[in-house]
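Here come two complexes built around subunit A, the first alongside subunit B, the second alongside subunit C.
Up next, the complex of A and B:
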C-alpha cells in the first residue's frame, strides 16, 4: 500500500473531502489554501485562492459543481469547482467552523464560533441557483444554538435534522426549520473532533479527544459501537463498502509528545472492524497528529491529512479486499 | 492489515462475532426499510453514491 504524498500545503491540514464520484479530493489547511486533487494519481487540479485566514472546513455538492469553504477570516466562500471562481463570499462576526451541503445540495449549513461577545450561529443559505444564477446574501434561517459549543455538524437523512457534535462531548439533533434541539446525548467525555455520516446517513461516527470513537444511530442518538484507543482522536470515517471497517486517527499534540517517552505520539490511521469493535491494523506515515481522514466512496482507497502539512492517499492492495475475519 | 488474521480465536469468540454480525445485519434491515418508507413518503430519491457502484467488487 504505497501512499501518494500530496505536497500542496505549507501548514497543517484541517479537513479533506472526496466528491461523490471520488475522482476529486479537496483539502483545506491553516495556510489559507483550498486545493483540489485528482485522487487516483495525486495531481493537483487547482487552487481556490481568496481566504486570508486558516481554512477550517470544506464541502462539495453532489454534482461537484460547487465547493464551500469556511475560514478563520470570518468568511465562508462558495466556489465554482471547474474554474476556481469565487461565486459568493459571506462575512460573519466570527470564524466559520463547519460547512456542509444538504443531501439535496440546495442548501448549505454553516456553523460560526462563539467569540468576543458574539454567540455561535447556525445559518442555512440557499444555493440552488448553483453556478448559473445569483446566490443569496442573507441566510434563509439563522439560529443561535445555546448550550455547549458546536464543534462539528452534518445533515441527517432527508435533511430532516442537523446532527451536531459539541465541545462537551454531547451530540444533538437540531431541527433545521426551527433551530430547536430535538434531542441530545452526552456520549464522549471530551470535545468531539469529527462527525462523519454513513452512506445512507442512518448512522454516523464521532471521534473525540477522550481517545475513543463511537458509532451512533442518527434517529435515536443511541451509541451502537465504541472504539477505544490510547491517543486523542481527531477524525473518524466509515468505509462505505467492500470491508466493514472504520478508520480513525489522531495523536498526541506536539507539546505532549516531548513529555512522553512513548512512541512519538502514535501518528497512525487505525482500522477497526465496525461491527466487532476489534482493531484490524494500522497505517503509519505522518510525522505529526492526523487531523482528518476521508475514505473514497468506492472503499478502495483512503486519504489522511496531518499536522505535518501532508495529505497521504493510500490505495489498498489486493490482500486488503480478500481479507476475512474469522467468524 | 494482518493483526486480526494472526490471532487464533476460540469457538466462543467466533460465536460472539457471529452474534454481533447477525444483530447488526438485522438492525440494518430494519433501518433501511424505515428509511425507504420515509423516502417514498417524502418523494425524495436516495442520492446516488458514486458512479463506480456497479464495478465495485464486494467481498463478504
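Up next, the complex of A and C:
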C-alpha cells in the first residue's frame, strides 16, 4: 500500500481522530493548528485557527457539525466543522488535556491539568444547541477528581460512566453525575498514554509507557487481553470491522530518539490479533515515535500521527482483507 | 496533404474520413487516418467503453465533499495540494500467523547481546570497562599509541548498529566466536583456488562462474571491482571444492581467449 503523507503540521502530532462516517480526519499537534482532511485522498479541507498554544486533544461530534479542541493555552475551543469558525472559547486555569463528546453529542467533557496550585478538574459543558444556538459559558458540572493525575478519558456506553486512565497506570470509572469514582483498577505499571473505545463501548483498549496495551471490559474494568511489546506505547486502537486486529504504536521516548537509528527506534505500527494476542504484522514509515493512531470506522484504512510531524494515511491492500489467521 | 507522401495503395481505400460507430456491447470504435512524421499514412483505431460506476455514499458525506475550503486552505482549488498532501513509498504490510514478526528481531538482538556479554569493553586510555570516548581521563591522559597492543574497542560497538537487515559479518553473527574468523580463513585457503587474470572490464561474476563451472562445483567466485566505477579490475579468484576440478580448469582455461583477451590462470597464493 502507498500511504498518503499529510504535512499540515510543523511539530509533533498529539491526536488524530476520524469522524463517525470516517470521511474526515482531524489532526492536532503542538504547533497550534487544527487540521481537517478528507481521508480518502488526503486533501486538506481546512484549518481551525485560533489557538496560541500546543493543542493536546480534539474530538468531533457524531453528526460532524461540532469540533472541540483542548490546548495548552488554557482554552478549549468549539468550532463549526464546516467553515472553521470558532463558536465558543472556554478559558481555564490550566491546560486542557482531554476532550470528548458524549455518545448523544449533547455534552462535552474536558479534563484540565493540575498545575500551579490548581487542582485537576473534570468539567462537562452543554453543547446541545449546536451550531445555531447559544452555548453555555459555565459548565453544567465541575469536579475535582482526587488521586493520581488523569491523562486520558472517554465516555462509557450510554454516557453512564466516564472512563479515565491515570498517570500511575490505573483506570477508573467516574460517575458523570456525581463525579465520584465508581471503581478503579491498576492495570499498568506506568502512565496510560491512550484509551480508545470499541464501537459499542463495552470494552476499550489502553496503551501505556510500560510497553503493553490491554483490552479491558468497561463495566468491570477487568483485563481481557494483553499485548506485550518491546517499546513504550503511545497509542492503541481497535479495528472495528473486517479483521479482528488491534493497532498499537509507540517508540522510544522523543528525547532519546536522536541517539538511535530509525530501525532501532521501533517506530512502527504493530498489528496484533485482538483475540489470540499474537503480533501479525508491522507498518513502518515514521521516523519518530508514533504518538497517535486512528482507524477508519469501516476498517479499510488507518492513520498514524508521529513525533515527526507527519500524518500517514494507509489504505489497506486487498490481501489484507482476505488474510486469515492460521492457528 | 502532400501528394508525394501518400502511397497509391492508400488512395484506393478511399476511407479518408474518420469513422465512429458503436456496437451492441456499447463499445465505441473510432477510426481515423493520419500522416505521421515519416510522411506515412497511419490508421488509428480507438475502442472505448464507457462504464458508469455507481458508488453509494452517505448523504452527509456527499454534502461534506462539496464544502468550500476554509482557514489556511481558503480559496484553494479542489483536489489535494502537493504542498500538504503527498503519496509515500510503497510499504508492504506482511501479515503472518506465526508471531514470527517479534521473534525475528528479538532472537537477533538477544544473540548479539549474549555475545557481547562475554566481551569486555576496554578503555584504551585507563583500561577501565567503558568506551574510550566516554573515559573520564580522556582529556588528561589522551589516547596513547592508538591501535597498539590492546584490542580495538570496535568489537563492542556494533551493538547499536547491527540491526534488522544490515549485513552482519559471519564472525559477528550469533554464536560465532572470534576463532571462527581464523577458521574461516583457513578453510578458504585450504580450498583449491585459481587466480584468473587478464579479464576484460566487462566481465562479471556470472561470466566467470559460467566459464569455470563446467569443470566442477565452484564454492566461491571473487571478482575484483573498482570501488568507484564498479567495473572489473581484470582479475578474479575462483575456488573449487575439488582439487582435481581446479587442475583441469587451470589446464583448460589458461591461455584461452576470452573477450578478445588471453586469460591467464594460475594457482592463487595464500594471502597469509
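Keep this in mind: the second predicted complex is superposed on the first by the 316 of 327 C-alpha atoms of A that agree within 3 Å, B and C clash if a C-alpha of one lies under 4 Å from a C-alpha of the other, contacts with A are read in each partner's own complex, and residues count from 1 in each chain.
Basically, a residue touches a chain if its C-beta (ideal position, glycine included) is under 8 Å from a C-beta of that chain, and two chains touch if they have at least 3 such contacts.
Given the structure is predicted, the values throughout are model-derived calculations rather than measurements.
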{"item": "Touching partner for A:199 - first (subunit B), second (subunit C), both, neither", "value": "first"}
{"item": "Partner chain in contact with A:47 - subunit B first, subunit C second, else both or neither", "value": "second"}
{"item": "Touching partner for A:96 - first (subunit B), second (subunit C), both, neither", "value": "neither"}
{"item": "Touched partner set for A:217, first subunit B, second subunit C, both or neither", "value": "first"}
{"item": "Contact breadth on subunit A, by residue count: subunit C or subunit B", "value": "C"}
{"item": "Partner chain in contact with A:281 - subunit B first, subunit C second, else both or neither", "value": "both"}
{"item": "Subunit B versus subunit C as contact partner of A:230, first or second or both or neither", "value": "second"}
{"item": "First, second, both or neither for A:62, with subunit B first and subunit C second", "value": "first"}
{"item": "First (subunit B), second (subunit C), both or neither touched by A:5", "value": "second"}
{"item": "Which superposed partner A:84 touches (first subunit B, second subunit C, both, neither)", "value": "second"}
{"item": "Subunit A positions touched by subunit B in one structure and by subunit C in the second", "value": "21, 271, 278-282, 319-320, 323, 325-327"}
{"item": "Subunit A contact footprint on subunit C (complex, rising order)", "value": "57-58, 60-61, 64-65, 67-74, 76, 78-81, 83-97, 99, 101-102, 105-106, 160-161, 163-164"}
{"item": "Residue numbers on subunit B that touch subunit A, as the complex places them", "value": "1-5, 9, 14, 17-18, 20-21, 24, 27, 31-32, 35, 38-39, 42, 44, 46-53, 55-60"}
{"item": "Touching residues on subunit A, where the partner in the complex is subunit C", "value": "1-8, 21, 23-24, 33, 37-38, 41-49, 63-64, 82-84, 229-230, 260-261, 263-264, 270-271, 278-285, 312, 314, 316-317, 319-320, 323, 325-327"}
{"item": "Partner subunit B, residues of subunit A touching it in the complex", "value": "20-22, 62, 103-104, 157-158, 199-200, 202-203, 217, 224, 240-243, 271, 273, 275-282, 297-300, 319-327"}
